[in-house]
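Chains here go by letter, A, B, C, D and E, matching the order in which they are written, and residues are numbered from 1 within each.
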Amino acid sequence: MRTRQLLAVALAGAMATALAACGDSPNANKKNGQAATVLNVGMPNGPQAENNNPFLTTSAAASLGYRWQIFEPLMMWNPVKPADPFKPWLATKAEWSADYTSVKVTIRDNATWSDGQKLTAEDVAFTYNLVKKYPALNDQGVPYTDATASGNEVTIKMASPQFVNQQKVLWRVPIVPKHLWEKISDPTTDAVKQPVGSGPYTLKSFTPASTTLTVRDGGYWQDLPKVKELRFTSYTDNSAQTTALANGESEWSFVFIPNYQTVFVAKDQEHHKVWAPAILGIHGLYLNTTKKPFDDPALRRAMNMVIDREDIFTTAEAGYFHPLVKSVTGLPSPAGDSFIAPEFKGQDHKVDLEGAKALLTGAGYKLDGNTLKDKTGKAVTIKLTDPAGWSDYQTSLEIVKDNLSKIGIAATIDKANQDAWFRNVEQGNFEATFRWTEGGATPYDIYRTIMDGRQLKPIGTASPAGNFGRLNNQQATEALTAYANATDEAARTAAMNTLQKVFVDQMPMIPVGADNIGGAYSTKNWTGWPDDSNPYGAMQPTQPNALDVVLHLKPAGS
Amino acid sequence: MRDPVLEIRGLRVDYGLGDAAVHAVRDVDLTLHRGEVLGLAGESGSGKSTLAYGLTRLLPPPGVVSGGEVIYHPVDGPPVDVLSLSPAQLRAFRWAEASIVFQGAMNSLNPVHKVSTQLLDVIRAHEPRSTAAGRLARARELLKLVGISADRLHSYPHQLSGGMRQRVMIAMALALEPQVVIMDEPTTALDVVMQRQILGQLAELRERLGFAVLFITHDLSLLVEFSDRIAIMYGGRIVEEAPAAELYRRALHPYTDGLLHSFPALRGPRRELTGIPGSPPDLRAMPTGCAFHPRCPRAFTPCDAELPPLGPPGDDDPRRAVACWLHSATAPAPR
Amino acid sequence: MRFLLQRVAFYLFTAWAAITLNFFIPRLVPGDPVQSLISRNQGRISADAIESLRVLFGLDENENVWEQYLDYWRQLIHGDLGLSFTFFPAPVSTVIGDSLPWTVGLVGITTIISFLLGTALGVGAGWRRGSWVDGLLPATTFLSSIPYFWLGLVAIALFAGPGSFFPSSGGYEPGLVPAFDQYFIPSAIQHSILPAATILVSSMSGWILSMRNMMVTVSSEDYITVAHAKGLSERRVALSYAARNALLPNVSGFALSLGFIVGGTLLVEIVFSYPGLGYQLFQAVGAKDYPLMQGIFLIITISVLVANLLADVAYLLLDPRTRKS
Amino acid sequence: MTISPSSIEQVIPGQGAMAQPSAAPGRAKRRRFRFIANAKAATGLVILGVYCLFAVIGPWVAPHNPDARSGDVLQPPSTAHWFGTTHLGQDIFSQILVGARSVMVVGLIAGVLATILSILIGVTAGYLGGAADEGLSAMSNVFLVIPALPLIIIVTSIVEQASDTLVALIIGCTSWAWGARVLRAQTLSLRRRDYVEAARATGERTWRIILFEILPNLTAIIASGFVGTVIFAVMSEITLAFIGISSVSSWNWGTILFWAQGQQALAQGAWWWFVPAGLAIALLGTALALINFGIDEFVSPRLRSAGKTRIRTADGRTVRMRVGFTPVLAPSRPVPAPREEVAP
Amino acid sequence: MTLSESAAAPVDEVVLEAVGLTKHFPVRKRLRDLFSRTPAVVHAVDDVSFALHRGRVTALVGESGSGKSTVARLLAQIYPRTAGDLRLHGTSTRVRGGRPFRSYVRRVQLILQDPFASLNPVHTVRYHLTRSLRIHGNAGRSAEDLEQALAKLLTRVSLTPPERYLDAFPHELSGGQRQRVAIARALGADPEVLLADEPVSMLDVSIRLGVLNLLQDLKERLNIAILYITHDIASARYFADETIVMYAGRMVEGGDSEIVTQNSAHPYTRLLTASAPDPERITGDGAGAGIDEAAGKDRGQGEPPSLISPPAGCRFHPRCPHAMRRCTADLPPRLTVGDRPGHWTACWLYDPATVAADAPGSAAPDADPAVPPPPALVKREDTATLGEAR
């Protein structure tokens, strides 16, 4: 008994002293933060370790996205409208060489670092050389060879044509100050506790759960944003983030919300919004083209015809996570609209059971009751594989399974171990699997991931960069090479049209949804968010565009 | 004859309730007189320990006292029925008036407390106004009484040998100078030399302090030597009661006789040992009539049907009592 | 003291065994943290990043196992648990340092409260058979048969959620800076009530039951009868005689079952997304963050060992029989 | 732990000293199964029986294919779907029925494996003694102290494609230590029992002594250890499935909870998604715990629930069975003295 | 089976002989013992020699801890001996297990003290007896042979009718019946030697006699040599032909039972006999009159010495009221008492030279001066003539 009393006394004592000592508490102003000056951004990424290194994908700055509020890229690119020209940012102008192996950028002269020093071309050249020097920092894998500054111009040289990677060069590299970074002994492991960047915000405080940025006093090269304070909160999981969004605690996030209409939007119909624009990267069912009978494009096309993308979009992805890909070319809209070949313009995918059956019959398949028999009379079965824990994919597979049964293909679903699945997919040991493609500024990345013959490896040898289905199509490979290396627009268009034709004919991967770069947000306190009417940038708070979005925000009601 | 200090009248002790009850002690009448040693002998299962636990109400569940009374006569003051005391009264009665020494001294002492703690807490519980120093002095004195040096007070039970532990228990039993000390096989677990020493000491202490002892054992030969009177239990009943020497010289009950002829004598002529045939009875299925009749060499007609009452034998020796048709004044004579 | 030395020697041995085990587990089947990182960011990290991440994590080093083992020890001795993959380049020790106080605060304190409370109730149940505490046993059995995590889920469903006093996740209100002040402490307490209650409810019945059984067993010991015969007060017999002795096996039971309890309570952190070790372990497992996994396992093991050692010391203090030289 | 025999025990009848050899030897054999008569054990066994039945017939009687989607998305319990449906319209009742098998199989395999290991290690250590004992005891103590669940989580997480069997094997291999420790202690005490010594003195061989003299006397402990391991295995398996570490390719109750959690069933208000599975687990755990209580009480009769603790006496008083104050049932005849506090 | 009713070998033939039997049990090592050279041992049995004769009962009397049960186990070869020899029919034997052990135990069987513990509770009487018969090849060839042998065994130990007991479990039998089953099991081997370790001490007084009588009967009818181990010296007098007294692991006195109990020579034996309950001592008018007659002679509070570091010289000297200086230093050898043939004791009091050089009791400083002079020399006439006789 005595011990319990003692404990209570000790506890009370500890509390008292703690409360007494809270005069200069860092939380003192927490509750009275002005709604009109603070923007609460959330990510469901769990507790963070203090790390503001803008180059490291693992850093808190990257994970929560605030690196782009502190550090800025040379130019802004709008993933929602990938074909639009780049928006000048730290660079006022970028000139690519015809073969896209070098770019000459002009650095604006009114940008300063938050420590007051002027941002110069030297800084930019230093940054690119840094990335070149440390492959660990080169998270875009661009083969830089050299960057030289001259006056306010910097020439960045690459080992190969980078037409398809322009955004990786200009939009994805945060520019860091030379005068500070040259003192960092190992930039790959430095946590950059006091980040100094050219952006409008500086780091105010960091805790494992939240990071607060405050707006600079001045010296920013354009008008300071209306948002005076940015709070990035890392919620422990999706449901915590969802809850925070629902009750308005969080005003901007990128999180998977099942049944988002009920769970999020319905909580405040007027202000709670979700905008999830597609980008040029898709998700779909990769088929192993070396496995009989799926080596037959006719079968693959028939399968494509019965797969109900709409159903998957609404059910599996809860209608928002992976925007529907309508076009038969697999290119999402509106991001890919400008790339669609004339022959496929306006051709949208429709579930066509009869058409599929007819196609199959024509190709020598027989629908025997509920079983599809191939040309040799064998029943067509397929094993669909995806990691067990990826619930959206698993759900998609369930729908696919259901759809395929309509044409008599018996599908089984294998819920794989994640590691095994990665390896098996790369090694070609699968029959069909849901997976994503790379995304980029052009459809090149999508098609490269699906049909690049340069990545063709025998079954059992890993091909991490793509062509998991082992499609061996000379035409596609040549078109891909041509597109990446072309020096004129006509050649590119021709190559792109070829790629689409091959894709539609071969259907090596049945596209279902696009990658999105959207988010959930609230217009209660801030307006000016990008949306369908004004798609000026991506909606995801971790993209470089996030800074552009913040700069667009205005207090609600103003 | 001296005054009675503890009178047991018609005590019945059961294990369990209702029809499932096992009657372990049946209608026992027994009187302990002031300052005497009353020996209670019997085989295992005869109910002798149950009697001791029952009359002090220490029997654990499912034991219940189903009848009878236990009248205690304090030195000054009116007699009380121990069985009808409230828990608080019973607690006050215990140890101050009647203490108990159990068989296993190792198990009787709390292994986690020092001897001193266990000696002192009983004094403090009953004499709350005593001073700590006074209690300590008393504890030392008690240990000396049983021949243990006072520095053993600070030992834990496991640091003492079996004999020492039993001595400590005896010292503890005498702590409040009770009128009655109940001893349940206090020396059975000890070697003979130790047993003799402890019993010697006990006899000496009794001379000095004048308490009465209810001494329970299965070793009749020990009782004959050590006690004033002896009661023999069989099948939950007292079957014979007599002064020790009388009992030894002339056992009336065939069972007592059998017991006396069961242990070999160390001295004197080699006696014939007859023993007792058969096994002790099952308490759940007691024979009808005299419980001993199936083993009795002298059983006759009424034995298997009628329960012999405990009463003075036919020769009407007032100091003796026996429950056997062979000796009953009212009994049909053996045919 | 000999007893204690023996125990210390044993715990050192166990620690060595655990550390060695810890070293070998991830090396037996090397998974790929890079892929894991990519998969967690489905599509948001390009395949081109793979190379840079590999370089970053230093996964290409090839040393023989024995050298690795020695290195591992060398690092350990310097308190270096390596760098976490998920939070690269944050040292594992930093990550653990951030989450350890939460676990100790929640799981540690609750486990001890659960043990004390359960033991106290068990004393009551065992001493007064058939009383209301005894009557609780079937209910507590049922509660203890419920997996921790499920109980947590139900607790969240019933008590937490928007508008409720109880938050459903996290260790404190996001936006607060951990500090001992009037904003943070109440928030932390508020966040810990539900998980703590969950742990209490599901772990306590074990203690109640074992203590009750020990009390029942001890109650029929002779020294209890003697204590009654001595006319001691009920309270003194129950506490100083019965409970005091019944506690001994329970203390060693407490030590031994710590390993199980800690495992179980970590789940509570997972369910409540409580920023402690269990949650981090869960994250690390998902991210194939071997250095972090190893580090957490090591810390858990060592704290269980230390708790065991403390329990041994307690036992030593409680049971004079072990004290003899 | 050793319980020193109390002297009181000896006077309680029915302990054999006074028993006559029974005329019907059949009665004796029944003694071994007497623990079934224990209400707790019986309840537990009945529930367990039902679970076993579901494990066998579950997949056949399930009204729906647990994977099959239907249009009834996220429906609360109804006559068509007793336990409601998932976000895909899968029938949760069917998932639970089908899942029973996986749960039971894993529990059984892990339990059997751990039991065998614990017997091998515990009994060997206890019987052989010496260096073998030191080594084996140290090993089991290490396994005992190392937190089991984190270890299992880590081991399972590095194994690819953790099937039910593999999970069972991992659990079995990591959870034998407790049983081994108890068995060792008990073997150690049995080894010193007279009947083992008597068997040796008769010339019995060691393996025969272990197999026929010692093991039969360990039955209750082995059974209790087995049940304990099954509880642990079931809980671990479900936990692994719930946190998505083991393969969720086969349905078990953890898998159901995993999906429920992944789809934020709580936020969506779909209580039916996780309540039935949790109750199924809890009930199974309770059943197993009850069986273990039964075994405990069978081994140590003192632990039995007190039964009637309050007795109504003939004269209407209520007395309580309690240690230290034996109840007095019959009314005392009027005592020739006023009842008052006895002056010490 | 061949339970021979009549002995082929002559009575009194030495069947089993212990020569200088010694057993030291290692003490569990402690940390600090790592540095000491001599490992600590419990001197459980030291230098014990005696012979078991066909058709005779030899009693081994001693208190708990005296090593008497260890002797039984050494004789049964359950424990390996530390030193000394064991001769079966004159042949030295040392078996550690396997076939030799079996063939040894076929001839030498052990009966344990506690019949409640020595029978496995999970097996029936039939199992216990069948195992014994089978192991020693006495089960016959057919099922009927076995049934017959079982019936014969049970009949031999007076458990009749056998069918009533064969399928009983131990818990259904009374203590006496169990001990009879244990004896029957030992008889199943058709042994020449029975080592009975306190066979009746756990039984009720009224049943003890039956079991002892059974053993006596077996000894006579089967001509078996019996080692009867007991702490009850009175029963040794009654039951054994020869009695050996042990104290703290050593033999202190031996000889004909009647002589050893009635004319005890060793101070320890006297203490033992004086302490034993003796109803004849009663005076009739009260208890305890003679009760402390002997107790006062023990200087050691009745506590036996530590066997890890036993006292030098005679192990009884710390308690002996007659201890002399020599007793504290030199181990007394076996000395013939001389009153009867075969009566010997290990006590310096019986060495006239020692007694002459050193007054008895001189090394017992705390001895009560009122204690009468050493009985060995003064009090009893038979020992008074001792010196002359020698």
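The rule we apply is simple: contacts are C-beta pairs under 8 Å (C-beta built on N, C-alpha and C of every residue); 3 or more make two chains touch, one makes a residue touch a chain.
Being a predicted model, the structure only gives us computed values, none of them experimental.
Between A-C and B-C, more C-beta contact pairs are found at A-C. Distance from chain E peaks, on a Cα-centroid basis, for A. Taking the mean of the C-alpha atoms as each chain's centre, chain B and chain E sit 32 Å apart. Centre to centre, using the average C-alpha position, chain D and chain E are separated by 47 Å. Spacing of chain B relative to chain D, judged by their CA centroids, is 45 angstrom.
Inter-chain centre distance (chain A to chain D, centres taken as mean C-alpha positions): 50 Å.
The residues of chain D that reach two or more other chains are 4, 6-8, 17-20, 159-160, 244, 266, 306, 309, 321-325, listed in rising order. Within chain B, the positions touching two or more other chains are listed as 44, 53, 58, 60-61, 87, 90, 92-93, 96, 102, 104, 107, 126, 279-280. The multi-chain contact residues of chain C, meaning those touching 2 or more other chains, are 31, 129, 161, 168, 219-222, 225, 227-228, 234, 286, 288. Contacts from chain D toward chain C in the complex involve residues 1, 3-4, 6-9, 138, 141-142, 144-155, 157-160, 178, 231-232, 235, 238-239, 242-245, 257, 261, 266, 271, 274-275, 277-278, 281-286, 288-290, 293, 296, 300, 302-303, 305-306, 309-310, 320-325. Contact residues of chain B toward chain D in the complex are 12, 14-15, 17, 22, 24, 44-45, 47, 49-50, 53-54, 57-69, 71-72, 74, 77-81, 83-90, 92-93, 96-97, 102-104, 106-107, 126-127, 176, 184-185, 279-285. Residues 37, 43-44, 147, 161, 163-164, 191-197, 199-204, 206, 218-222, 224-228, 244-245, 248, 258-260, 262-268, 270, 273-277, 279-280 of chain B are the ones touching chain E in the complex. The part of chain A that touches chain D in the complex is made up of residues 238-239, 242-243, 246, 257-259, 262-263, 315, 388-389, 391, 395, 398-399, 402, 413-417, 419-420.
Residues 4, 15, 18-19, 21-22, 25-28, 30-31, 40, 42, 46-51, 53, 56-60, 135-142, 168, 188-191, 205, 207-210, 231, 233-237, 239-240, 243-244, 246-247, 249, 267, 281, 283, 387, 389-390, 418-419, 422, 436-439, 449, 464-466, 515, 542 of chain A are the ones touching chain C in the complex.
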